[in-house]
Amino acid sequence: MEFFLITLLNSLSYGLLLFMLSSGLTLIFSMMGVLNFAHASFYMLGAYFAYQTGLVFGFWPALFLAPILVGVVGAITERYGLRKVHKFGHVAELLFTFGLAYVIEEVVHLIWGRAPVDYRIPESLNFTLFTLFNTQYPAYRAFMMLVSVGMLVSLYLVLTKTRIGLIVQASLTHPEMVQALGHNVPRVFMLVFAGGCALAGLAGVLGGNLFITEPGMAFSVGSIVFVVVVVGGMGSLVGAFIASLLIGSIQTFSVGFDYSFIDLMAALGVIIDSNSSWYAGLSITISQTAPVLPYLLMVLMLIVRPRGLMGTRET
Amino acid sequence: MERAFNKSRLILWSSVALLFVLLPFVFPGGFALSILSQLGIAIIFALSYNMLLGQTGLLSFGHAVYFGLGAFVTAHAINFVESGVFGLPISFMPLVGGLAGLVFSLILGFVTTRRPGTPFAMISLGIAEMVAASALMFTTFFGGEGGIVTNRTAGGAVWGISYGPQVQVYYLIAVWCFISMALMFVITRTPLGRIANAVRDNPERTQFVGYNPTRVRWIMMSLAGFFAGIGGALTTINYEIITAESLGLMASGNVVLMAFIGGIGQFWGPIIGAVLVTFLQSFLSNFTQAWLLYFGLLFLLIILFSPGGISSIITIHAPVWRAGVMKRLLPSYMFALWAGFVTLVGIIGVIELLYRGTLVVGVHVAVTWVFAGLLVLVGAFFLRRAIRAVAQVWADLTPELARWS
Amino acid sequence: MELGDRMNQHALALVDVRKRFGQTEIINGVNLEIVAGERHALIGPNGAGKSTLFNLISGRFPVSSGSIALNGTDITSKEPQVINRLGLSRSFQINNIFPKLSVFENLRCSVLWVLGYRYSFFKRISALRDAKESAEHTLEMIGLENRREKMAGELTYAEQRALEIGITIASGASVILLDEPTAGMSRSETDVAVELISRVTEGKTLLMVEHDMGVVFDLADRISVLVYGEVIASGTPAEIRMSKKVQEAYLGTAVDGDEE
């Protein structure tokens, strides 16, 4: 019971983090048709920027500064890179962001080295929020969830209630019309791209010190985010939300299960001989398969329902 | 143009074959042989990738899966030969790898090729991650961290060829490379090859001329997996060890780089890319830690300014060559090259300085910084003008070239 | 007459076809019968659903309800390639060609399936004489011989339109659907196109969507008028010209403000 509740809470905070990432990706994709391969790289930049500015200014200013910095980088990327490549088609755009991911990772190596940096949870948040049964639940995770939810709610409000939000929504489906009405659509695109990157950066600020901050973090999280988007249905925010929580749960829960097929059989009263040639394969525990499970889910989804949970459109 | 035995094509292919045979004599020595062997494998891999990207429009981020799986299966097959389970000359092992690649791409491809474009790219990434993650789970097949070791002389010498010496391995690779190249080229000239191009251009329209685009993609994927598997087998034979790295994301990303830098619009484009990238990787990594950064930057530059890759730069000049006006381009090109070189040196300087440590500050280093920075600025300034000059010359030339294109 | 018998006699038969997108019914129960060999025009105000109807017939979208039969075979909601293989071919309002292939290659690719080459990767395409000849024949018919090796994406608009028609008829389908074939053409280009269309659809069944009344009255044996997803009139050009309902549809709702 205790395990279940704690793991559920952890899944929630991780899932929300995934959603922050996948929502930015989905927004950019819906609007510009570009799948930002480097999205997780901006996540990584957020963590590193937060670490660096945190050294000078402390955590709280960094919480605001870092995402803005990442947004600026995103805006520059869009203005001088993506916009140029746009006319060559979607494949070229995707490849551009792919190359960008490489370059960002290498630049991070360049500036901060290959080892993880000591980006830590600030003292002010480093306490136990409550103790459930025997496990202490860290306040930082709750803080993460709070910020995630707050960010997403404000995003929703901005998109649906403000003028700029409405323009953005309109540009999602009818960019030419919006441009004909006199709005600077390229600038809107740049804003959306920068906003999506800033969102990823914020996720990095939060997640970087909870999980580790190192150059490889972009690629490991990046693939999961793609799985989320595919499972949820490309272009659907609701789908991304559901998929984020689902995959967050799968990853968090599976790591805690140290049971294998052998244990299952034993529970049913069947003992499998440890000398049998199948033993090695069957003794793989669920926690060992944890890395593979999200991808397995993706493959299953593709077989059963290629457009994802809530997907509506073919690309 | 479309005659059965085009004479010039015959000459071209014969020259290639001759080149393959003579290369070890032009570049003797262990290091050269090793590079040449790597080149052969890279060419097969890059060409197989272009069957997907250039010909069918499938951007895959997981092609190394089939390369790697082919390699692993071959490793086990060779070990079976060594322990006497069955006999198969090493020379035919690439077929084993190819078949493994074929089987896996048939199975995985069935699921992945249902959707084209961006979803396919992401799915291919997911599959690649899945296989890479499984590699650590199934240690009997993948050998865990250490991989699988094998002995390329297994089974003893056949017709005096034992594959002990590297030169023999080179010729094995050369033969299979030539065969693969020829086969892949021929496939581009079959109904399937042409329809694959049509699917790339307009999948919906192919439906309305009677074709199922998913089926076309699936078949091309399987064929690409077959050739990738051949490459994988050769790499196992070459290095006598295979680890999970070979089917990982780095390897998949690498082949994307190769194909794209070389140019996906021409059959021979990826060959250029494979040669260039393999060379640079082998040499550059000895001189600088930043080689991957340079690659990434080169890749970005190509996408931004010449998405057709090096091959498109070459083909763009074909009308100029035919019209005999190459001379007109020279002055502006020289200018651009000079300015570009200066800028490049400056950028390299800045990057290398950064890598060697930002914390070390002394007068020496400061001067170098300033110098490098100046080079970048000066170079960039002139480069902009040079580019404008080049554009001008081309604008002047274009109406004249209309007859020649 | 039995429903089954009626369907068997027609090249194309639509029975109570409906299509809903979300809550909106675009096609409101269309009944249409096209006799084999006839030239049938589909006209109607903008937004009436003509292109949607084409998409339903050719399999691009599935129907919400109703049935469609091609030469007696049910093709309702089947995949486009399945319908195409049964002998129906269509063109598109917006040029839908293979831009990076040559004009000749465009046409050759259009006949490969029909000639039985399927997914073959064992035959050299240059050796396939029947494919070559068929493509050459179509090339001549659409008058693009001197554009043979040009990349399709580089043709002029009118040339692309001609190629579009070429791809559609290349496979020798017996039922041809043309979606606004003369869209965007000048007077003289239209005349050329009309002549081309009447030549290439000799002996075939033609269903076309058109806005140009001149073209319609030139080519069509029969006309159907589609308004708000329903066929309000169907008959010979003379009958349609006289029909009060049609006049209302084109003039009445626009003039009378309170008629919604």
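Per-chain numbering from 1; labels A, B and C assigned in written order.
Just so we're on the same page, contacts are C-beta pairs under 8 Å (C-beta built on N, C-alpha and C of every residue); 3 or more make two chains touch, one makes a residue touch a chain.
Just so it is clear, the structure is predicted and the values come from calculations on it, not from any experiment.
Chains touching chain B and chain C alike, please list them.
Chains in contact with chain B as well as chain C: not a single one.
Please indicate which chain is farthest from chain A, where distance is taken between mean Cα coordinates of the chains.
For chain A, the chain whose C-alpha mean is farthest off is C.
Indicate the whole-number Å distance between the mean C-alpha point of chain B and the mean C-alpha point of chain C.
Those two chain centres are 44 Å apart.
Distance from the CA centroid of chain A to that of chain B, rounded to the nearest Å?
Chain centroid spacing, chain A to chain B, equals 31 Å.
Averaging over Cα atoms per chain, report the distance between chain A and chain C in Å.
Their C-alpha centroids are separated by 46 Å.
Where in chain C do residues touch two or more of the other chains?
none
Can you tell me which positions in chain B touch chain A when the two form their complex?
Residue positions touching the partner: 57, 59, 61, 111-112, 114-119, 121-123, 125-127, 129-130, 133-134, 136-140, 249, 253, 256, 260, 289-290, 292-293, 295-297, 299-300, 303-304, 307, 351, 354-355, 358.
Which bits of chain B are touching chain C when the two form their complex?
2-4, 186-187, 189-195, 197-198, 200-202, 204-212, 215-216, 219, 223
For the complex, give me every residue of chain C touching chain B.
Checking each residue of chain C against chain B gives 58-60, 79-81, 84-85, 89-90, 92, 96-101, 105, 108-114, 117-128, 131, 167-168, 170-171.
Can you tell me which positions in chain A touch chain B when the two form their complex?
Touching chain B from chain A are residues 29, 35, 81, 84-85, 88, 90-92, 94-96, 98-100, 102-103, 106-107, 109-111, 219, 223, 226-227, 229-230, 234, 280-281, 284, 288-289, 291-292, 295-296, 298-299, 302-303, 306, 314-315.
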